[in-house]
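Note that the chains are named A, B, C and D in the order they appear, and that numbering of residues resets to 1 at the start of each chain.
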Amino acid sequence: MTEAPAPREGLLHETRAGYGDTDQSGIVHHAVYLRWLEDARATWLREHGIDFRAMERDERAGFAVWKAEVRYHLPAFFDDRLHVELWVGELGRAKIRFDYRVWREETLLLEASVHLACIDLDRLRARGLPQSVRDALS
Amino acid sequence: MTEAPAPREGLLHETRAGYGDTDQSGIVHHAVYLRWLEDARATWLREHGIDFRAMERDERAGFAVWKAEVRYHLPAFFDDRLHVELWVGELGRAKIRFDYRVWREETLLLEASVHLACIDLDRLRARGLPQSVRDALS
Amino acid sequence: MTEAPAPREGLLHETRAGYGDTDQSGIVHHAVYLRWLEDARATWLREHGIDFRAMERDERAGFAVWKAEVRYHLPAFFDDRLHVELWVGELGRAKIRFDYRVWREETLLLEASVHLACIDLDRLRARGLPQSVRDALS
Amino acid sequence: MTEAPAPREGLLHETRAGYGDTDQSGIVHHAVYLRWLEDARATWLREHGIDFRAMERDERAGFAVWKAEVRYHLPAFFDDRLHVELWVGELGRAKIRFDYRVWREETLLLEASVHLACIDLDRLRARGLPQSVRDALS
């Protein structure tokens, strides 16, 4: 979980809250954000030249979420235009942690950390990060 | 789409509307029902002795929805206990249509038809229904 | 349901298939499209100058889906960039039907019609379309 | 987050993994669990005699998630029958923390903590827990 305020330097993935993302309390449902963080991760991979579909298909390497921490500061509403800020918080041999902030204009709505482990998709077992990911990160 | 009122003779799958199934209009979101119909289908397969996981893994046969028609009569609300009634409406060599009614007690909320085609999961192409499914249906 | 092929003249709403939009058959789950059609509808309202949030809050008028028909022609895959084409298929005093096509580049993936009824959100009962919607449509 | 192993003493809410709960890696998507934890919470409230719908409607009191921590130990698969174990981890004047474990038979799949704040639904602002909830907990 990020503690210190930081300038927006990472990737900014744009999304918009749909009607079906809300629940009857009138705000975006808390589970929806995990999907948005994931979409931001896909954008990050794409923009770093990593072909995740090929990685899964050819190398049989995927990512499994093994830990997620989310701090909900303020609600998002239907039709809000939002930005997901994303950066690599920690990088190991087989693990990677992405840190996130979700913004509506200048308002911070949410902070999160999602811890991923690289897995062999056929055996659902841990393995090292593919070289293509390492290259993109250095 | 079913037109005539019919007695409840098919399988009755029970479900309950969750908080996250609602949207800000205060009712269950219309896309959620497709998931419930799918859950009812899984229950139907299980109760007919069809091991769908084995079918996908060993025979590489799966189902693809190629058409869906839904009539929403009355809304469902958070925490409603509901029953999905399900029966085979039509059966072909490679296709199967399931018909549905969703009930809250004696109140009919929804009618639907979901048309499935049997597909080869490796090539995403049409194929005949597996013998195990045919046997269960006769 | 649209029958005749037509040029793309309506609004084109862009979306992208997320990882969580897929299921274990490796394609986008069929219920996800209803959410995308809804997002396209929100874009359409916004671009026609209709403030749907204000309409719900001030006029207490909302839309309820009373019928949906979907034809799935070809699957969408993770990370696909898609366009939802949308136009008003039919307009009544209290009802409106939107027709849709979902495209990946030049490939037609899906056709759908979603029938909406205007409802009074406090009583969940039918009412006429708000004047703001009528004006936007004429 | 729970650290010590504990006997299953809390409420056990049963659920089943649907096809649409999986993603293309072949396991249940990580965001789905937040929905299951929420469903377990609804069961807990119901079994403690708390009418959440009345609480929202009459007292205009609701719960907002302000923090969630999830540890994913092992994956769940389509059609798995699962149990969500749930207990109150901490209770404050306006806040309540629920702790969870998700089991498939004797196998622990997931541990989580979800921190809720009681809010005034009209003003989306913090307020004390309703007396009905306090009574149920003592």
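One rule holds for everything that comes next: a residue touches a chain if its C-beta (ideal position, glycine included) is under 8 Å from a C-beta of that chain, and two chains touch if they have at least 3 such contacts.
Because the structure is predicted, anything quoted here is derived from the model rather than measured.
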Inset, instruction - Report the chain whose mean Cα position is at the greatest distance from that of chain A. - result: B
Inset, instruction - Write down the chain pair with more C-beta contact pairs when A-C is set against A-D. - result: A-D
Legend entry - Chain centre separation in whole Å, for chain D relative to chain A (CA means): 23
Legend entry - chain C and chain D, separation of their C-alpha mean positions in angstrom: 32
Inset, instruction - Give, as an integer number of Å, the spacing between the C-alpha centres of chain C and chain A. - result: 27
Inset, instruction - Any chance you could list the residues of chain C touching two or more other chains? - result: 19-20, 24-27, 31, 34-35, 38, 78
Legend entry - Interface residues, chain A side, partner chain D - complex: 24-27, 30-32, 34-35, 38, 56, 62, 64-73, 75, 121, 124
Legend entry - chain A residues touching chain B - in the complex, by the definition given at the top: 19-20, 22-27, 29, 31, 78
Legend entry - Touching residues (chain side chain D, partner chain B) in the complex: 16, 18-20, 34-35, 38-39, 42, 46, 52-53, 77-79
